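Structure first, then comments.
Going in written order, the chains are labelled A, B, C and D, and every chain counts its residues from 1.
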């Protein structure tokens, strides 16, 4: 099948490679000519600009947009003059599902289909395949099925879920039509919200293991902290890489994120190259916003988000307020931050 | 190798079966004679009481205790008169690591070794193997290696962690000597603390997906809730079983707990047989206690614990206090709980 | 000074009474003719409809809207045909500050000023005065000063803040021009966000005091809960009304909310008339949304919000997911919810 | 009445001054002779050592211990040889209520009464009086009533709680016999737990107000943060000292802690002298421990505690784990911490 790909960053380029390997024809464009050239080398058809890309696609066209969320609108503006009724645009990036609703509403009167597709897989997707969460009209999604099936991981050697006896569904092959416009990015948004909290759970656990020697004599006493009631309970010094490793086999907390943690701790148990300022990309925020708007309790998902904010110093003034109060009522003078 | 097993519940019995399959000799005892008989049928040697069990073991004996945490002390009392210097007791249950410190201190003067072993694997362990987190003296753990290796999952077909090139360590085979007395149960405790938060992350995410239709006209308006600013953003009705399924392949949130969630949602997307009162077994609490005592932030792990408390109605009076305040300052009359 | 008041609910009616007492002239309107009549009885001038209200006000008019947030837009629509350049509209309700931005932008080209005013004080405001947080153009706010000063509590007998030696500022008299359009409702929003967390803090504390007898023999054992390690530590039975009372004097946690809690507990220490389903009115949600959008950690404010959601059963499905997982990996059967 | 005071730090010394003013006789001791001399100057009787203090007290003696929790045990050891049946020891410091249970059990066979007394009031107590939360036998507390009444704030000019018509209770005068041994420190513990969360609520609110200009052009863009969807919503620059001030009058969030915050912000709206590393003294931890042990949800109280831990860098390794995971699955390189 034929697909146009706009945006050849880490994700877009690898997706094209995976599609080429599966025998699809890809017309590719990026503002960075070198990115285009690299994929032409790999068998793709290069386009000079959006107009050229659309010209090289046979109607009804399928054009997949794989750019930062903030740029999607502009890319649609660039493509629109060169598209016609029956064509399909796919936003495969990390867009807010509310934008999908606007885009679909804008394109529908022109007879252009709009599909939103949340794409998970990161740098591993080229080999493992991409988990695809798709929203839009059933007919448009149906037509794109060969592309979607090739991008997705497929059944693989993962054991089938007990109770599933029918021929494997799309979900079992790693791609799912989740519902109407926005449904794909909504599910991807919640996916990332969960991801933040899963990450936070492991991070807190390993941090606690690292604090398990808090009662050891070789640790400096901390004037700011209440002394331990039972220092003999905190005398351990764990090999965190080994703990991560043993949990990978047979334990309830085994997961792909744990596999990655094991890799990182194996490379350096001190994780010294990481400064501990943790970014957040948007979906985690949107998940908590959706939880609040719909009245859904999401304490873990939101705590994971706030931990990231704090890691970047955004709680500093709040902490100063606390110190100021303590000084006011008790004359407590806090240690100055280094 | 020879092992005595005291406590033939779901965990203990399956562990004996796994050891028998691996060619070990097992002497088994339980207060429930039927449980003993069933394992004798499977090839184990039955014991009539703790004394009999010790008599049937060749010194130096290895006796594995697999009973509820509250009973361990009493079982040790029962065994002690029949043990001698050089013997080894293993507590493989969900004990508090602080009890291990006490038990080891009690047995050391008698020359009896004490090993604590956190055991993860649940009803799946018989086939998958058990993830073992072990504490105690190196020599005693070393002697028990054949038993531990047979209980553990082994390398299996799980991909090796990048950077591990030496002959597979014990950790890679699913069992780990974590440190001195208590270290095994400490690591298991943190393991379960993480588990609670991982579970909570998925639970919140699926709950949010279920609320994604909050703006649909067919949902009853709720007088207690601020109206949605943009009801058009919440019109979805997701197939939760399909979402769980698609995330199992290629996504960042893939895990064994997700596999189990997919199974449960496949059986009944409404989960109607579950009333939503969630128990907690102890380790989650101990994890948060350790975090607080060592000054380690653990907001997610602890929020997961508190969510369980709330599910059992333990926040009810707090909520009544809130309603009472609202009535006092604003004359608000809350809807009465059904 | 002359003021028109639209919306004569609990808040609007009391504010008119307070203004009448201070010698202001009030023209009042409400869809409920009885509410108008009651205030006419008290000295106000009644209006038959929005047009009549505007006709009875001398330009430049000041019209104060005190209606639910969802109705503000419609009230503005009703008033607009009868207003002219130089007039001022005040939204004194619990509106979202984003709406203020829209309203101000709509009215500016017509030469009509728009002031947003967050109003705190509840049923107590008539006697105590209202704390006013005001946004909009300085000139329009300045013109309204006599009204604002009369509504506000004034200096009262509250001790002046150390370091304040100038003539008392407006803030010290209980009203503050916080900034341009929306600033008043923004500050009021954060005020309510803080209020939710203050309330939650007391609620959790009193709930814990109520659980302080968890180890007493007369409390039923709970099969779902890990047994207490030291039941002798939890043998208390506190008189919550007395505790609330003693904290009112000399303690660090003294506050007006504590005063109200003391009143409620004095009336009934069991708070039996309150069912424990706690509503939320919007500002708490908006506060958390603003925290998330600006990357500000707000774990307490947001946890307070989620506790309210949970009190209304919105976590139920999440808890069912937890129970379903526990059943899958451990065969645990939860107690069914009553 | 006569009282011995051991420990003449900020709290103990001021309490002696308050008692002297009320006409009581105080025998005082501290390891620091200058502290003793200062109070002798003010009218107290100085003691050279614990034995001397006991000798100067007329049996049945009342000796009040006002020292750090970690030192109480040793002070009791020092006093015990010089006390006799019928004497009373009071621990008025911030001890863990579990220690009270041990102390009372140790002293009971000797006929010595033990009273635990949580004391709130900080540096303000000398003038305002101290809020006293008392545990122990009723008879011993009764005998000490003249001392307790003098330390407490008394009725003052605080409005009586609605519904209280009897002669003012002790609680209304600011001191309360809460129950048997430990009850006083238990209630004080929960008091401090609540205090932490109240403080956290204000701190988060003011921090959010400070972030309200996140969309202003003069604020540096942050590569780590998702761009604001609506920067026009975050253009404010609030006068935090004025906001704190206006909330002191007529608002729902008025409190003594807010008064102190207003003082601090009035002195320096930037709070520049406070580094933001916030200590915790023990009671907050014990409150959360008690919540966890009794199965009481306390998300706000515990989040407030964890925020303090994080302010001291205790989350750093957790954050490094998060960054390491992000690098592993997405190739994300975090900005290095300064």
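One rule holds for everything that comes next: a contact is a pair of C-beta atoms (placed from the backbone, for glycine too) under 8 Å apart; a residue touches a chain by one contact, two chains touch by 3 or more.
Remember, it's a predicted structure, so these values are computed and weren't measured experimentally.
Chemist: Comparing the two chain pairs, does C-D have more C-beta contacts than B-D, or is it the other way round?
Modeler: Between B-D and C-D, the larger count of C-beta pairs in contact belongs to C-D.
Chemist: Taking each chain's centre as the mean of its Cα atoms, which chain lies farthest from chain D?
Modeler: Following the centroid criterion, the farthest chain would be A.
Chemist: Express in whole angstrom the distance between the two chain centres, defined as the mean CA positions of chain C and chain D.
Modeler: Taking the average C-alpha coordinate of chain C and of chain D, the gap between them is 29 Å.
Chemist: Report the inter-centroid distance (CA atoms only) between chain B and chain D in whole Å.
Modeler: Distance between chain centres: 38 Å.
Chemist: For chain A, write out the residues touching at least two other chains, lowest number first.
Modeler: Correct list: 122, 200, 202, 204, 207, 211, 222, 225, 229, 252, 257, 263, 280, 285, 293, 295-299, 303, 306-307, 310, 312, 314-315, 318, 329.
Chemist: Would you pull the chain B residues touching chain C in the complex into a rising list?
Modeler: Those residues of chain B that touch chain C are 10, 70, 96, 122-124, 199-200, 202-204, 206-207, 210-211, 222, 224-227, 229, 257, 260-261, 263-265, 271, 274-282, 285, 299, 303, 307-308, 310-312, 314-332, 334-337.
Chemist: So in the complex, which bits of chain A are touching chain C?
Modeler: The contact residues of chain A facing chain C are 252, 280, 285, 288-289, 292-293, 295-299, 302-303, 305-307, 309-310, 312, 314-315, 318, 329.
Chemist: Residue numbers of chain B touching chain A in their complex, please.
Modeler: It is residues 97-98, 101, 120-122, 125, 128-133, 152-159, 161-164, 169-176, 178-180, 182-183, 186-187, 190-195, 197-198, 200-202, 204-205, 207-209, 211-212, 214, 222, 225, 228-230, 232-239, 242-243, 245-259, 262-263, 266-267, 287, 290-291, 293-301, 303-304, 306-307 of chain B that touch chain A.
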